[in-house]
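In the two complexes that follow, chain A is the common piece, with chain B as its partner first and chain C second.
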Partner chain A sequence: MLSILLWLPVIAALLVGFAPFSLKSDPPGMCLAARLRQITSLFTCLIIAVSLILLWQFNYSDSQGQFNEYLPWIETIGLNYSLAVDGISLPLLILNGILTLVAIYSIGDKVERPRLYYSLILLSNGGIAGALMAQNLLLFVIFYEIELIPFYLLISIWGGPNRAYAGIKFLLYTAISGLLVLAAFLGIVWLTGATDFDYQSISTLELSPKTQLILLTILVVGFGIKIPLVPLHTWLPDAYTEASPAVTILLGGILAKLGTYGLIRFGLQLFPETWRLVAPGLAIVGTITVVYGALSAIAQKDIKRMVAYSSIGHMGYILVATAAWTELSLLGAVAQMVSHGLILALLFHLVGIVERKAGTRNLDVLNGLMNPIRGLPLTSALLILGGMASAGIPGLVGFIAEFLIFQGSFTTFPIPTLLCIIASGLTAVYFVILLNRTCFGKLDNRLAYYPRVQWSEKIPALILAGIIFILGIQPNWLVGPTETTTNAIASATQLVQTYAQR
Partner chain B sequence: MAQTLTTLPPSTHEFADIIHRLEAGGSMLPDTPENLKQIIGIYKAYAVPMDFYWRDLLYIAEQVFLNPLPFFKYFLPESYLQRHNHYAGDDAVLRIWRGEATAHPELLAFIAKGKTIPGPKIFHHLLHDRINMEFAEACMRAMFWHGRDMGIGKFDAYLDTPEYKANAERAIKAYFQGNPIMLGLYRLFPEMFIEQVRQLSYYANLGLFWEVMAPVFLEMSDLYDEGKITTVKEAMDFLVNGIFAAAGRPIYHHVYIRGQCYEIVPESAGFTWLYEAALPYVEAVFYRTAPFRGTKSYNAQAEQVPNQQKDFHYGILYADVFPVGTAGIPPTLLMDDMYHFLPEYLKEYYRQHCRGEDDMLIQLGISFQRSMYNVTSAVIQALRTALHYPLDDPNPEHLLINRQFYESQLDRFKRPEARLRDIQRTDYR
Partner chain C sequence: MLNNLYQTIWLVPCYALLGTLLVIPWSPGLNRNLGPRPSGYINILLTTLAFLHSLLALPIALDSNTQYSSFNWLETANLTISLDLEFSAVNIIALILITGLNLLAQIYAVGYMEMDWGWPRFFSLLNLFEAGMCTLVLCNSLFFSYVILEILTLGTYLLIGFWFNQSLVVTGARDAFLTKRVGDLILLMGVVALLPLAGTWNYTELAKWAQTTTISPQTANLLCLALIAGPLGKCAQFPLHLWLDEAMEGPMPATILRNTVVVSTGAWVLIKLQPVLALSGITAEVMLVIGAATAVGASLIAIAQIDIKRSLSYSVSGYMGLVFIAVATGLEEIALKLLLVYAVAMALLVMSIGGIVLNNITQDLRQYGGLWSRRPISGLAYLVGATALVAFPPGGGFWVLSEFIQRLWLEHPMVALVVILVNGLTAFSVMREFGAIFGGQPKPMTVRSPEGLWALVLPMTFLMGIVLHLPLLLGIAGLLPDWGSFNLGLISLLLLSTLLGGGLATYIYLNDRIFKPIILQPKALQDFFAYDFYTAKLYKLTIVGAVNLISQLISWFDRFIIDGVVNLVGLVTVFSGQSLKYNVSGQTQFYALSILIGVAIFCFLILL
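Here is the complex of A and B:
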C-alpha cells in the first residue's frame, strides 16, 4: 500500500515526461500543457485517494508504525527498503498530496516546458512521500537528498528574475543540510555498532553523553537548515520569493516540514536523554526564529517576501513545541505542521494569483483589490481568511495548532512561550498591513485592467480555505490520528530521561 | 479650414492637438470608428431611460408637486407614458426623431417585465429592477444647487422675484386647500415651501431639457444604424444642429391642481432652452456637481473640497467611473439604467474587452464619459458659433479669438482628475 504512494508519482512522472501524446494540437503548447495538467491532477487525486484510504484503515490506537513494508536491499551497507507510517507521518502524507494538487493549479495553464514541469512536481511528491515513510535511516537520507534535484530545477527554470542565484543558494544550503544529516546517521550507526540503518534496531542509549550531544547537534543543524531556523534561514527568502508560487507552496508547505519531522523522528526519538540537555537552547532558538520572522515580515514591501518571513516565524513555534516535549506540545507541533502547510499554501497560492493578475507584488503599488467588478474580490476575501488563519483567529485551523503549542509548552518554557504569544500578535500586525494595503483602499483605474481569475485558480484556494475552516471547527479530525503517537513519544522519552537521571 | 491652420501658428497649449482638432471643426474625442460605435451605442442606451426621466420629472413638477409623502412619485401614470414628446412623432413641433411620440417601446417593455421576474410594480420598485430616477433627481439638484452662482441665464434669478413667489403662493394655497395643517405650516415657514417649489421648478426645467435630448440621441442612433452618421465629427455636428434647432424652446413650470393649471414660471417669462436649461445643465452636471458621498470620504477642512462652488469638478468629465463612484452624481445608477438598453453591437464589443460580461457596467461608464466629451464638444462649438467667429473666418484676429476661447475652455481639463487625456487613448476602458 505504501509503495503505491511512493511509486505512483514516479510512474506518473515518467508517463507525463515521456508518453507520446499528440503535440500538434491546436493551439500548440497550451493545449498540451492543459492536457498534461489534467493527467497530473488525475494522478495526484489518485495519490490523495490512496492516502485517504490509509487514513481510513489507520489504527488510531496504535502508536507504532503501521502498514509496514520491508524488503532487504543492499544488506552489506545496511540499506533496506523499509516503509511505515505512524501518527506523525500520515497527516503529512495527506498534506503532501493536497499541496501537490494545489501546486499544479498555481502556475496558470500557460506553463513553459510542461512535460518537465509536471514530471518534476510529481517526482518531488514521490521524494517527499518516500522520506516521510522511510524506516531506514539511509533510505530517508536518499529521499531527503533526491528531492533536491526536482526542487532545484523547479526554482531555476520556472523562477523569477533572480532564480539562478536563489536556486544555487537553495541547493548549497539544503545539500549541506543533507550531508550533515547523513554524517549524523553514519555516526549513530557506526558508534552504536548497529548492523543496519533500520530505525527500529537503533538505540543510542549506550553512547556517551558527549557523543550523543555531538551527533544531536549535527542533526539539529542539518534539519535546522531545512526548517529553517535563524540564523540558518538566509536561503529561504530568496528561494521562496524567486520560485514560482507552485514551487513555493511545495517548498514551504511540505518540504520544510521534513526538517521538523526529522527533528521529532530522529532528534527527539533517537536522543531522548540528550534532548533534555539541548531543549532550553532549542526553545530559545525557536523563539528567536518566531520573533525574527514576525519582525522581518513587518518590514517587507514585497507581499511574497512578507509571507516567506511569516513562514520562518511560524516554523519557530514547531521547534519550541518540540523542545518542550510534553504530550500537548508534541501534538501541537504536528498540528502546526499541517496547519502551517495549509495556510502557507493558501497564502502563496493567492499571492501568486495577485502577482499574475496585477503584475506586481509591491505593497506600495497594490491597492483596492476588494473592488467587486475590476478587482480580485474572491482572491482578496480568501487572502483575508488566510491572514486570519495565520494570525490564529479562533474558528480556523491556525488557532487550534497555536493554542495546543502554547498550552503544551508553557509549563516547560514559560518565557519563550509568552514571547511566542506576543509574536503571534505581531502576525496580526503584518497581515493587517498586507490586507490594508492590498485589499482595501481604492483601486487605481489606471492600473486596474486585471485579467479575470479563472475557476481553475479559484477552486484550489476554495478547497484549502474549506479545509482550514473545517479543521478549525472540528480539530479532532486533525489531531485524532496523531494523538496516540505523540503521547507515546512524550511518555517514552520522559521515561528514558527519568531512567537516565537515576 | 486650411487657412486656419496656415494663418495661425500652432498652439502651445497642453492640449494643442485637441485645440487644433476643434479649430478644424472636430470634437475633443478622437475620430475613430471604435469611438463612434461606443458613443452612438451609449446615446441610444441613454436615450431610453432618459425618455422615462423627462416624463417623470415633469410628472413630479406638475402633478406630485408638494405631496409631503411622495411614495409613488416614480410610478409614472399611463397619461405621462402616453404624453407626446414635442420633438418626435407626427404631431411634433419639430420632428427630430422619426419614431413615436409616446414612451419608447423598449422602455414600456422594461417597465412591464423588468429584468428579474415578472411581478407587480411595487415589487420591481423595491428590487431596484426599474429606472433609477434617483439619478435624474441628483442631476436636478446639481442644477438647483449651482444655479445661484453659475452666471448663466436668468432662470435662477427669477426664482427670487416677487412675481415668482406670488405665483408659487397661489399654487401652494390651492394645493393645500382644505388642509389646515399644511396651510398652518406654510404660514409658519413660508420660505421652506417656496424653496421646495423652486426645486420643483428645476424638476420642470430638467424635464423640458431632456425631452429634447432623448429624441436627438435616438435619431442619431437610427442614422448610425442606417449608415448616415459615419464619423465622430458628424455625430457632434448633429448635436450642434440639434442645440440650435431647439435653442428657442420655452422653459416653464406649470402645475396642475384639480384640473386647473397654475403657471409658476409662465412661458411668457421668456426663458429658453439653450440658455436656461442646456448650458446650466452642462455646467452643473458635466463639470461641477458635488463630491458623492460614496465610499470615498472628503475632508473639507483639509481642503480636499474646493472653497468655491465654481471650482467644483466632480462631474462626468472628471468622474472616476469605477463602481465606488467618486463622481458628484452616482454614476452606478445611470450605468445600471443604460445597461438594460445597450444595443447588441455594443454588448458584443464589451464582451471582447477587459472582463467581458463581468465589468460591462464600467466599460459602458467609460463609453458614457467619451460620449459626454463629445456632447461637451458640441456645446463648445455651439458657444463658439453663438459668441465668436466661424472657423473659416479669413480674419486672423478673429481666429485668434476663437483659439483663445478654445484654450480657455480646455484649461478646465488641465487638472489631474480630468479624463480628457484618458479618452484620447483607446485602451482606456
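Here is the complex of A and C:
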C-alpha cells in the first residue's frame, strides 16, 4: 500500500518524461503542455485517492506505525526498505498530494519543457512521500537528499531572473543540512552499536549525555537549515522568491515540513533525555524566528518575499511547540505543519496569479485589485481569506493550530508563548499592509487590462480555501489522526524523564 | 409551539449566518450575471426570521429559568472546548435588540445604498455581524467570546473597507483592524493563561472558581488587566479609541449597527467577566479611571468635531466609558440597562443624520443650517433620540442615569459627579449638532434637501416610536427605579446639567447673532480637542514608528549582515579557488618543491 505512494509518482514521472506522445494525436487546440498537465493531474488525483484510502483504513487508536512494509535490502550497511505511517506522517502525506495537485495548476498551462517540468514535480512528490514514510534512518537520508535534485532543477530552470543564484544557494544550504543529518545518524548508529539503521531498533539511552548533546546539536542544526531557523534562513527568501509559484508551494508547503517532521521524529523521539536540556534554548530560537520573520516581512516591498518571510515566522511556532513537548503542543505542532502548508500554498498560488495577471509583485505599484469589473475580485477575496487565516483569525484553520500551540506551550514556556502571541499581532500588521496595498485602493484604469483568471487557476484556490475553512470550523478532523501518536510521544518522553531522574 | 421556539433559540445566529453564506453565488469572480438586489432581499428575509423567532420566544423566556446547553466542539489531548450556551430572558432581549436593529439597518440600507454595486458584500457582512453578536449573546464561554470578538474584528475591517477606493477608507479599515486586534490579542493572552489556573472557560464555572481561588494578587492583576484589554478595544476606550472615529468612513447603515450594538459587544463580555475581574482591585480602579477619562475626554472631543459622524462617534466612546464605570463599580444590571437605552437612542440619532448626509453630500457641520423646515421628520427623530440619550424626562436615558448616579453616590460620589458632567457635555454636544444642522438659515449645501426615500424614513419613524415607548416598556418590565427612593437633590443636579448643556448649545447655535463657527481661545486648546488629543500623531510617532524602524533595521541586518556573511564565505571560496588554480603550472620542479615543503612541515610537527 505504502509502496504505491512511493512508486506511483516515479512511474508517472517516467511516463510523462519519456512516453512517446506525438503532437499529431493531440486534440485540436491543445498543446503538449496542457496534455501533459492533464496526465500529471490524473496521476496526482490517484495519489491523493490512495492517501485518502490510507486515512480511511488508518487505525486512530494505534500510536505506532501502521501499514508496515519491510524488505531487507543492503544488510551489510544496515539499509532496509522499511516503510510505515503514523499519526504524524499521515496528515503530511495527504497534504503532499493536495499541494502537488495545486502546484500543477499554479504555473499556467504554457510551461516550457513540459515533459521535464511535470516529471520533476512528480519525482519530488514521490521523494517527499518516501522521506515521510521511511522507517530506516539511512533510507530517510537518501530520500531527504534525493529531493534536492528535482528542486534544484525546478528552481534554476523555471525560476525568476535571479534563479541561478537562488538555486545554488538552496542547493548548498540544503546539501549541508543533509550531510549534517547523515553525520548525526551515522554517529547514532556507530556509537550505540546498533546493527542496522532501523528506527525501531535504536535507543540512545545508553550514550553519555555529552555525546547525546553533540549528536542532537548536529541534528538540530541540520534540520534547522531546512525549516529554516534564524540565522540559517537566508536561502529561503531567495529561493521562494525566485522559484515559480508552483515550486514555492512545494518548497514551503511540504519540503520545509520535512525539517520539523525530522525534528519531532528523530530529535525529540530519539533523544528524549537531552531534548529536555536543549528545549529552553530551542524555545528561544523558535521565538526569535517567529518575531524576526514577522518583523522582516513588514519591511518587504515584494509580496512574494513578504509571504516568504511570513513563512519563516510561522515555522518558528512549530519549533516552540516541539520544544514545549506537552501533549497539546505536539498536537499543535503537527496541526500547524498542515495548516501552514495549506495556507502558504493558497497564498503563493494567489500571489502567482497576481503576478501573472498584473505583471508585478511590487506593493507600490499594485492597487485596487478588488475592483469587480476590471480587477481580480475572486483572487483578492481569497487573498484576504488566506492572509487572515495566516494571521490566525478564528474560524479558519490557522487559528486552531496556533491556539493549540499557545495553549500547549504556555505551561512550559510562558514568556516565549506570550511573545509568540504578540508576534501573531505583527503577522496581522504585514497582512493588512499587503491587503490594503494590493486589494484595496483605486485601480489604475490606464494599467488595468488584466487577462482573465481561468477556472483552472481558480478551482485549486477554491479547494484550498474550502479545506482551510472546513478544518477551521471542524478541527476534530484535523487533529483526529494525529492525537494518539502525539499523546504517546508526550507520555513516552515523560516516562523517559522519570527514568532519567531515577 | 412557542416553547419549541425557545428551545431552538440557538437557530437565531444560524439564520444570519445562512444569509452570509447564501450570497456566495454573487461573488463577481464567480458569476457576473446576477443582479445585486436579490442578495439583499434574501438577507433581509433571514434577518426578519431571526427577529420574529427571538420576539416570539420572549414570553416563554420571561416565564422560565435560565437554561444551559453545550456542544462539544473540539475534544483532544487533555483539552475539551465546548460551545456552552445560555438561554435567559436577558439574552433574548439582547437578541431582539440586535436582530431588530439589524433589520432596521438593512431596510435603511435599501434606501441608503440604492445605487451601490456592492450589495451582496454589504448585506452578507451585516448578517455576519448579526450572527456573531447573537452567538456572543448566547454563548457562555470565554473562549468563544474571544473567537467571536476576533471574527468581528475582521468583519469591522471588511465593513469599514467597504468603499475601498478611497484612501481614507483604506487607512480607517487598517487602523480599526490593528487597534482592535491589539486588544484581542491581549485578551487571548488572558484566555490562554486562565485555563491552567481555572480549568474552565465557562462563565458560570469561572464565577464559582473566582470565589474560591487562591491565586496570588500579582497573577490576578496581570490576568484581569489582560482580560479587560479586549473589551477596551471593542468599546473604543482610551487608549484604543482611535478606530471608532476613523470607522466613520464606512457606510452609514453599518454605522447604525456599529455605534450601537457592535461597540456594546465589549461591554457584554466585560459584564460576563465581572466575577473574575472582582479578583483584582487594581483592575477595577483601572477600569474606573479609563472609563471616566474616556467619558469626559471623548465628550469634550465630540464638541470640538466639525464632522457630524465623527462627533457622534466620540459620544459613543463617551457612553461606553459610562458602561465601563458601571461595571467597575459592580453595577452590571445598570450597565445592561444603559446599553439598551443607549443603543436605541443612538441608532435613531445615526439614522436621522444618515438621511441628511446622504442627500446633502457634506458631513461638515459648518456647511449645514436651516433644515428644520425641509426635514421635519428627521429633525423630530433627532430630537427624540437626543432626549432619550441624555437625562431628559421622560426619556429612557433619564431613568437609567438617575438610578446610576444614585447608586454611585453611596460609594463613589466623585464618580457620580463625573457622570453628571458627561451628561451635561453630551447634551451640549447633541444640541450643538441639532442647532447647526436644523437651525439658522439654509446654506448652499442645504437648499435642496427633501426627506429621503421611504426605506430611509420608515425605519427611522418606526424606531422613533420604539424610543418613545421604551420607558413604558421598561416600566411594564419593572425595570424603572422607584419614585420614593429618589434623591431629589441629585436628580435636580442631573436635570440641571442636561438643561444647562442643552440650553447653552441651543442658545449659541440657534442664535444668528453669535458668529459661527465658534473659535475657542486659545486656538491650541480647540485644536487639541479637535484632533483627538493628537492620538493618531502620537501613535504614528511612537508605536507605529518603532515597529517600522525595527523592521527596517532587521531587514537591513538580514540583507547585509546575515546574508552578507554567507555571501562572503561563498566569495572567499570562489576567490581562493580562482587563485589556487595558478598553482597548477605543470612543471615537475614545482610539484617536487611542494612535496618537499609538505614533508618538511610534517617532520617539524612530529619533532615538535
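Here is the rule we use: the second predicted complex is superposed on the first by the 495 of 502 C-alpha atoms of A that agree within 3 Å, B and C clash if a C-alpha of one lies under 4 Å from a C-alpha of the other, contacts with A are read in each partner's own complex, and residues count from 1 in each chain.
Simple rule for what comes next: contacts are C-beta pairs under 8 Å (C-beta built on N, C-alpha and C of every residue); 3 or more make two chains touch, one makes a residue touch a chain.
Computed from a predicted structure; not experimentally measured.
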Q: Mind checking the superposed model to see whether chain B and chain C fit together on chain A or clash?
A: fit
(Q) On the A-aligned overlay, A:448 touches which partner chain: chain B = first, chain C = second, or both, or neither? (A) first
Q | Vertex chain A angle, Cα centres of chain C and chain B, expressed to the nearest 10 degrees | A | 50
Q: Return the chain, chain B or chain C, that is in touch with more residues of chain A.
A: C
(Q) Contact-wise, after the overlay, does A:428 reach chain B, chain C, both or neither (first, second, both, neither)? (A) second
Q) Now for A:276: first (chain B), second (chain C), both, or neither, which partner does it touch? A) neither
Q. Touch check for A:372: first (chain B), second (chain C), both, or neither?
A. both
Q: Report for A:407: first if it touches chain B alone, second if chain C alone, otherwise both or neither.
A: second
Q: After the superposition, pull out the minimum Cα separation from chain B to chain C in whole angstrom, please.
A: 5
(Q) On chain A, which stretch or stretches are contacted by chain B in one complex as well as by chain C in the other? (A) 372-373, 442
(Q) Could you list, by residue number, the parts of chain C that touch chain A in their complex? (A) 27-30, 73-79, 117-118, 146-148, 150-151, 153-154, 157-158, 161, 164-167, 169-171, 173-174, 177-178, 181-182, 185, 188-189, 192-193, 195-196, 547-548, 550-552, 554-555, 558, 562-563, 566, 570
Q) Residues of chain A touching chain C in their complex? A) 169, 172, 231, 233-234, 292, 295-300, 327-328, 331, 368, 370, 372-373, 376-379, 381, 384, 388, 393-395, 399-400, 403-404, 406-407, 410-411, 414, 417-418, 421-422, 424-426, 428-429, 432-433, 436, 439-442, 453, 458, 475-476, 479, 483, 486-487, 490
Q: Using the touch rule from the top, collect the residues of chain B that touch chain A in their complex.
A: 295-296, 320-324, 354-356, 358-359, 361-362, 427, 429
Q | Of all residues in chain A, those that touch chain B in their complex | A | 371-374, 442-443, 445, 448-449, 451-452
